[in-house]
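Going by the order they are written in, the chains are A, B and C; count residues from 1 in each one.
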Amino acid sequence: MASKSCVLLSFFTVLAVSSAYPFKNKQYKPCKHLVLYFHDIIYNGQNRENATSAIVAAPQGANLTILAGQFHFGNIVVFDDPITLDNNLHSKPVGRAQGMYIYDTKNTFTAWLGFSFVLNSTNYQGTVNFIGADPLMQKTRDISVVGGTGDFFMHRGVATLTTDAFEGEVYFRLKVDIKFYECW
Amino acid sequence: MASKSCVLLSFFTVLAVSSAYPFKNKQYKPCKHLVLYFHDIIYNGQNRENATSAIVAAPQGANLTILAGQFHFGNIVVFDDPITLDNNLHSKPVGRAQGMYIYDTKNTFTAWLGFSFVLNSTNYQGTVNFIGADPLMQKTRDISVVGGTGDFFMHRGVATLTTDAFEGEVYFRLKVDIKFYECW
Amino acid sequence: MASKSCVLLSFFTVLAVSSAYPFKNKQYKPCKHLVLYFHDIIYNGQNRENATSAIVAAPQGANLTILAGQFHFGNIVVFDDPITLDNNLHSKPVGRAQGMYIYDTKNTFTAWLGFSFVLNSTNYQGTVNFIGADPLMQKTRDISVVGGTGDFFMHRGVATLTTDAFEGEVYFRLKVDIKFYECW
């Protein structure tokens, strides 16, 4: 009888744990996997030719020193960034990353992302759509792949972002490790 | 026999209804269920310390009285709001709601939402990503849970929003009843 | 033996193609299909009554001639557009298309879309949530249906956009061919 109780106890313990962290024991294997880079050059008033993004909104009735110091809280940036297969800005682009990011913390750098990869290369034709939170001071951040079209028809997955280069307020490069778990 | 007919009649009535509203007779049971609150304090120019959100965009060549009266049509608000387990603004936060809402009707209050829950508590580590329409004068509104990461890896579901408190243009609190139907 | 090799060769050719364009050999049949139109009348400062959308953000420290010529790069437009069953602006609306689009290329017209269909008609009650890239100079463009509520509870799919009418900077009409592949 004692052993039966013990089994039951273990059983409920497992249930409790699996309710709190259900995924952690599962190792899903992606059905498709892509690693790409995109490159963002922020418009500063003088770099019309090279710029790939621009701040388009900022807090009303505020300025940086009042509301958000140097953390850009509330800024919305629209971008059309080249995507490359390696980390070289001058490599032949395989598509464009298009959409927006929003700086959304007052006392550190975090962003909220809504954008698409529009791929147009020998290997891939189609779009991949992303949304998610980007706590960009962390080494890696996961966002959601919520859909796709063309070669990525109905796909879903998770993309891991890494800041691969960051040059002040001028240029940054993100590495995007896309793991699709629903492929169709 | 009478009771059997009655059962049959009920059966066909149910079928007829289910044709017009196919989902309404299906009772899906969530595989995971969370109820959380988030708190929004709008920046008014004087509350730098307490503010958790700010209007960052508004219609060009217009002002409120011309295009949208008091309904804020076109305003984009960026937020970084604390999430709590109960309805008390001063409870220990379990994470942050980060993203934006857009006021999008000229003659009433409605919004479009794109945001993430970034959860960082004993029970949950991970993000949940939401988008959807929020006709905020209605008692309850449903939006989509389109993806997640960490403990919410690949999750999908529906979140029901309720305005739990509303203090003029200063503070509001939303109750978010998250029902996940795909859990992985 | 020659014919056997030939079959094998064909087999590997098919494999190679299917690896590059895995979806193209699959013909999925939608579980639900809707064709709807929505109508966008941009606010120009004088059309308060009729306008259904407004530019709410634009590049800072720039003007159109400097950064983006006539292509509206960086403009964010918030909309609340009527949805109709046919291509007539004056037909009885079956709902509203609410959300935003962002012009996101410097040297042509492309947009990024985040919006919802809020349907309220005899046939459909519920919302459909969309995101995706819209290279609007192309005849048709596919975006993702990432979720839904009400009659579209948990639905996913792909929507094909066609510009059905375009009258300068004043009015456009999009045909939206929604194919749901996950219906619940």
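Following the convention adopted for this analysis, a residue touches a chain if its C-beta (ideal position, glycine included) is under 8 Å from a C-beta of that chain, and two chains touch if they have at least 3 such contacts.
The chain lineup, named per UniProt: A, B, C = Dirigent protein.
From a predicted model like this one, the values you see are computed outputs, not experimental measurements.
Chemist: Taking the touch definition from the header, please name the shape of the chain graph: line, ring, star, complete or other.
Modeler: complete
Chemist: For chain B superposed on chain C via Cα atoms, how large is the rotation, as a multiple of 5°?
Modeler: So the copies are related by a turn of 125 degrees.
Chemist: At the place where copies chain A and chain B touch, is the share of residue numbers found on both sides over half (same) or under half (different)?
Modeler: different
Chemist: Where the CA atoms of chain A average out and where those of chain B average out, how many Å apart are those spots?
Modeler: Distance between chain centres, rounded to whole Å: 22 Å.
Chemist: Compute the distance, rounded to whole Å, between the mean C-alpha positions of chain B and chain C.
Modeler: A distance of 23 Å separates the two centres.
Chemist: Do you know which chain C residues sit against two or more other chains?
Modeler: If we look for residues of chain C contacting two or more partner chains, we find 56-58, 76, 114, 131, 146.
Chemist: Can you list the chain B residues touching chain C in their complex?
Modeler: Residues in contact with chain C: 20-23, 26, 28, 56-62, 66-67, 73-76, 102-106, 110, 112, 114, 131-133, 135, 142-146, 156-158, 181-182.
Chemist: Contact residues on chain C for chain B in the complex?
Modeler: Residues in contact with chain B: 43-45, 48, 51, 54-58, 76, 78-80, 96, 98-100, 114-116, 118, 123, 125-127, 129, 131, 146-154, 184.
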